[in-house]
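Okay, here's the structure, questions in a sec.
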Amino acid sequence: MENELILRTENICKSFNGIQVLKNVNLEIKKGEIHALMGENGAGKSTIIKIITGVYTKDDGEIYIDGQHVQINNRHDAAEAGISVIYQELSLVPELTVTENIFLGHEIMKRGLPDRKEMRRQVQELIDRYGFILQPDTLVATMGMAQRQMTEILKALSTEAKLLIMDEPTTSLSASETEQLFVTMEGLRERGTSILYISHRLEEIYRVTDRLTIMRNGEIVGVVDSKTVEADTVTSMMIGHELEKTGVRVPKINKDHYIEVKDLQLGNLLHGINFKAYGGEILGIGGLVGSGRTELVSCIYGTIKKYKGSITLDGKPISRSVAKNIKAGFGMVPEDRRTAGFFPQLSILRNIAISSYDRLSKGGIVNGKAEIEHTEKAIADYDVRPHMRKLPVQNLSGGNQQKVILARWLSRDVDVLILDEPTVGVDVGVKAELYVYMRKMADKGSIIIMVSSDLAELTEVSDRVLVLHNGTIFQEFRDHKATQQGVLLASSGVTAKEGEVL
Amino acid sequence: MKKNKLIALVIACVLAAAMMAGCGSSGGAGEEAAVETHEAPIVDINNGAACKMAYIPMGAGQEDFPVILQGMQEAIQLYPNITLDTYDAGFNPSNQIDLMNECITQGVNVIFLNAMDATALNSTIAEAEAAGIPVITINNGASGVHTAHIQNTTYDAGYEAAQVISGMVDKGAKTVILDVPAELKLACTMGQGFEDYAKETGAFEILEDYAQTITSIEVGYQAASEVLTKYQDIDVLYCVNDNTAIGAAQAIEAAGRQNDGIIIWGYCGMPAALDAIAQGKMTGTSYSDPFYEGYAAMVSAMNYVQLGVNATKLGNEFYADVMLPTKNVTEENVIETIRGTHWDMSAYNY
Amino acid sequence: MNRKNLFESVWAQRGLIIAVLLLIMLVGNRSFFSLGNLRTILMSISIYGIMCCGMLLAMLTGGIDLAMGSTAAFTSVICLWYYNNHGMKDSAFVIGLILALLAAVAVGILHGVCDAYLMLPSFVVTLATSKLLYGLASAILKGSFIHLTNTEGFFYRIANTKLFGTIPMPIVIFIIVAIIVGLILSFTVFGRRVYAVGANRAASELVGINSRIFRVGCYVVCSLTACIGGIVLTSMNYVTSATTAQGYEMSVMLALVVGGADIMGGYGDVPGAVFGALLAGMVENMIVMLNINTNYSQAVQGVIIVLAVAFNVYNNRKSAGLIKVKKKAG
Amino acid sequence: MKISQKFIRKLITLGLIVILFAIFAFTAPSFLKLRNIQEILRVAAYTGIICVGSSFVLIGGGIDLSSGGIICFSGIVACRLASIGMPWPVVLLVAVVIGAACGYFNGWLITRFYLNDFITTLATGFVFTGFGLLAILKDESGTLMSQEIKNKGFLLLGKHLNGFYYIVFVWIILTVIAWFILSQTRYGLHTYAMGSNSKSSEMSGVNVRKMKVSTFTICGACCAVAAVFTVAYQTTAYLNLGSGMGFNAVAACVVGGVMLGGGKGDAVGAFLGAIFMTLVNNGMYKYGLDTSWQYVFQGAVILIAIMSDAGFAAFTGRRLRALAEKNNAEEALLEAKAKAKGGNV
């Protein structure tokens, strides 16, 4: 039994500043097996991967490769042990050819010069062995995503990787490219390379993996056979017991204040999108990463201008310029705080007031007093800690940075507020506060549209949930009928039978 | 891999072709095509033979360039067959070298030159002379062998200026010389003339020979104001050119010491200096009209061309070292000088 | 280290640097402190100062303008050329000034479009335009000088009159420009947006700022200040040519970097720029006063730029880095 | 991809050179003279040798604007050594060591303090000129003296062998060596990798810091070689030797296809870029154009080159990628299906 397992971890534990993230994780992957790993965001799956690949060091527990005990403290040890990772954003050098990329860092030398012939021969041999469709001499810059992925895989295999870890590889692949990747993976399996496949998409798990390990709250809750398991069992294991509803709130819907989106079409990403968002309700938008949710709200907000179809507010078409929309009362909390959210070097005051200068200035001159008042009120209202308006935002904690951006919009009581993954990387306490503020804003009659992949957030906080799948609205959950399980299934294009709550 | 070798091959033969074409077409060189050496041609300019001349000043900012050019153009007014091209070397000796090579290649008949560096141009000047092109340096000469050098007296100008000034101040007057940058010291020896007079007669106590990077009003202003504050009592500021003198006058005015009677003496007598003297801001200058320099240079060039003469042919050091005298202009004779000058005085209402 | 003493420490450092320089001069050459010399320093840095305020805007939004010297030369040549050819009347000066300002706007737009819309590296673009403008200026003048000779006209009086008898006009103009830009940066919406675009372009788009047109605007203002600087310099020296204000952009960049501005944008303010200009002027003056060969001034400038950049990078990373390190360990 | 993008880019520069050459040959009388060709090659060689060094830095993703300063400093030292009679190999060696040391200093400063390439090298350019000033011959009162080199052996470097200056041969040899290093050796591979994507090359084990410092060192050494030959030709050295060469070299590299982003172009491209820029200047004189138009033209050529390169890269990038996506997808899918059914080949 022992040598049949390529990887075995024993009671791995890890905690970050006091919070236990991994509790006695025992992961077992057989040789020549495609093993899937699923779990909600924060279930600890990315942490265990980082430990196995040497990015983090484990607090305690053991790792066995091929039955031998190994000590992995850094990326190099992992590579030595035959473990290699393919991250979502590929790490290839565009200006080099396939061969050069694969052997980058460990070229085969002959008489002091890189032995191109030998390296090309080895790459060609790898290509033939695994049946990839690649030429050793093509420049990576001229290759499509699928081919780049194959090159990345080849690069891993070239170091005699026994275990290949693939982190959501299909997010940016087209259908045909994904199919191509699965064929490649099956080819690898036949040759004895085991693959640890991380994904949210159930249909992928069925299609290609043998066994599936499910994690929740830092623990492995079960290992099942991928082919035979029921979708419902998987989702229920991921979610655990359904949180009982905290009393059904009947939102004060204001029917005649709404945003209507009519057959919106954006390239091949979104097509045939029709829905209405009413004042007074929080509309949740679910779906997997890359299903076009951010693009959809960007069209509404005006950052994406080239889309077909119409978007109207109370019947009047909205403008495609962000500035005009802001004046009309729009606001957006972007998905990636760091790159598009706050201004790191500028103070809390500047970050909050930047959106409201139409109110805080006369004839182009900023009214200093009004600006300070406005900001102090916002800091107090939304409890941005520490309460020092001159402090640069880069010095704040993640949660407080998000509060600053939220305060930037809520302080000017926006009419339409769009939030994209508002609570990512925010501790539980601040999360609850954000929900309260959003609810208060909705009760004032504003339209709130929230994009989220946090199932609990989607089902608990929003009054209505739309789930996007493959660029269209796959399913709509009305009147609080949305269950985490239902949303999760819908995200993978599977419809749970109506009303059956597990 | 094959591609890269292919590229290298293509480029190599293109270059080879270019070179072959070059050698082929020049044909005439025949013997070892090092430097074409042949006699200076006799050009009969009086009856219509075409003659190409080139003037390479130091750069766009050279003050006397337009007036020298005016003198040259005046001299060839009656000879439509003589063409004169001018270039801008941007105050960089290596540009001047490239331009000299350009003129040699174009086979001009005469090259006029304000040498930016006394030694840097010698090799190209020698090449020009060997190719039968007489090189005539104006104001800023070069140490290498060339046909002629024309300039206003600098040493005598400095010496005579010292003589005139010594009459205005009592013995041992404290003096600072705002001098040229080092590389031009070989040509501009006014500072030296002044110092020699001071050593001979003890009329001045030279506090400092202040070498500036370039001689412009800004630098003159900066240098003079520092010198003023460094030495509390100064009697004479001898400046190597008018720009420096004007800058110095401004500095003195800015320091509020215009009526301390500090003597400011410039060189070459540009319009702004003549005007400053007329208004009493400057004491005087060694006036010379670059027009005549240009004119004299052109006349001698025309002679050389007609006789087919240049330094290599004559085999000696210098054929001609023409020293045009300067005139000491002070408040008394400034008005009549302004009337007679070729400098463009239209802007001043005299 | 909270914001309070971080702010004080920056000015404390600057005070220290000035004190050290003054101390050196006390020992080196006492006459440095004479009124005349101080006025000389102010006169020489007034041009730098005017240009500093312009380039500050370009630098705040993450750009750079190395063509300020040539822009000053080119625009002042246009103005003086028009002025001299149209009877040197004050009306001719006004038209000439308008032409010069229009040329400056055109240069600014070219820089802005290349940087904001074509995503080209602004230092190569501006280096290329500086050669271009030098060539055009010397082509107009056929490589020689052009003199301002009408000493009664307004053009002459710009730099040669003294306000209240003692303060030369260039210094007054510098102070006015500094105050205007300072007010804009600290009290107007435009100013707030300059910092926003400089700090994070993507985020500024989401807040409704068209960051591209904005950056073009900053480049235009930058070129305009270069034009003003050029005109004042011409009026000061009664002459202009293609080589006027050559190399000024280096001193201006030195002043801004010493004044705390960051090449990547987002950092820097007018008081810092003014301090930098003053320091640059003082150092240049000191080099002459201590009788160090003026060629060294460029070398010393180089050393100061490197030290200032290293110091700024360290300062910014420390204030950001330190806090982050503490958080992780905490 | 049979014809690589790099080859197309070089073909364009070569085409421009041939067109310009033809225009000047037919319209300008004295252009085809052997002497003029020698002149073009000599000036091109001076710029070209610096371009070899600059292309290493550019391909590695950096930029070096301090070449002017390095040339001034190493040139002046070479001039002093030569004039006291040192044999030319020793002078060349000392100069190259000094140039390399300046380059090393640039690289160390940039990597150690994470400074911005452009402003650091701009500043160190001044500093090196300052060192040059320290080294130059001065008379007792501190004013600089200009000094003519009499040392016959050293002056030989400035001479030419039946028409072609030694600097031209050195330039061609250096270009071939650089081309060989960049395209054939592991060091060259890692330079391209660093320039194209420094983070991932670091992850794959390339020591990016050491590499960056070495590219600047090579650039410094090349500048010193150019300086020595120029000083030999001009028989003296002066303060503004090499002023502005930093920018000219970068401009020539950009025109030759060595892009500012890093990872693109090669030594042959820089070679062609140097020829093109010199050809432009040389041709301009022929038409009696006022030399100020030369500056206008240079500025314009650089602007057009970087704009078209941004366009060219975007255009080819997009077109190639679209092409790749289209045919890869279908072809791959068909083959994959065939393979799955028929088992692996």
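Read from first to last, the chains carry the letters A, B, C and D; within each, the first residue is number 1.
Keep this in mind: a contact is a pair of C-beta atoms (placed from the backbone, for glycine too) under 8 Å apart; a residue touches a chain by one contact, two chains touch by 3 or more.
Computed from a predicted structure; not experimentally measured.
Common partners of subunit A and subunit D, by the touch rule above, are C.
Ranking B-D and B-C by contacting C-beta pairs places B-D first. In terms of their C-alpha centroids, the spacing between subunit B and subunit C amounts to 34 Å.
Measuring from the averaged C-alpha position of subunit A to that of subunit C gives a distance of 46 Å.
Mean C-alpha positions place subunit A and subunit B at a centre distance of 73 Å.
Residues of subunit A found to touch two or more other chains are absent. Annotation for subunit B: residues touching 2 or more other chains are 60, 86, 88, 91, 211. Shared interface positions of subunit C, i.e. residues touching 2 or more other chains, are given as 138, 143, 242, 293, 295. Pairwise chain contacts in this structure: A-C, A-D, B-C, B-D, C-D. Across the interface of their complex, subunit B is touched by residues 3-4, 7, 10, 14, 17-18, 21, 25, 29-30, 32-37, 39, 43, 138-139, 141-148, 158, 160, 162-163, 176, 179, 183, 230, 233-236, 238, 240-241, 243-244, 268, 271-272, 281-282, 285-286, 288, 290-292, 295 of subunit D.
Interface residues of subunit B, counted against subunit C in their complex, comprise 57, 59-63, 65-66, 86, 88, 91, 211-213, 216-219, 221-223, 225-226, 228-230, 232, 251, 254-257, 271-272, 347-348. Listing the residues of subunit C that touch subunit B in their complex gives 29, 31-32, 34, 36-37, 39-40, 43-44, 84, 88, 138, 141, 143-145, 147, 149-150, 168, 237-239, 241-243, 285, 288-289, 291, 293-295.
Subunit A makes touch with subunit C in their complex at residues 17, 301, 303, 322-323, 325-327, 332, 334, 339-347, 350, 353-355, 357, 361, 364-366, 368, 388, 390-392, 394-395, 397, 408. Interface residues of subunit C facing subunit D in the complex, by the touch rule stated above, are 114, 118-121, 123-125, 127-139, 142-143, 242, 250, 253, 257, 263-264, 293, 295-296, 298-303, 305-306, 309-310, 313-314, 317.
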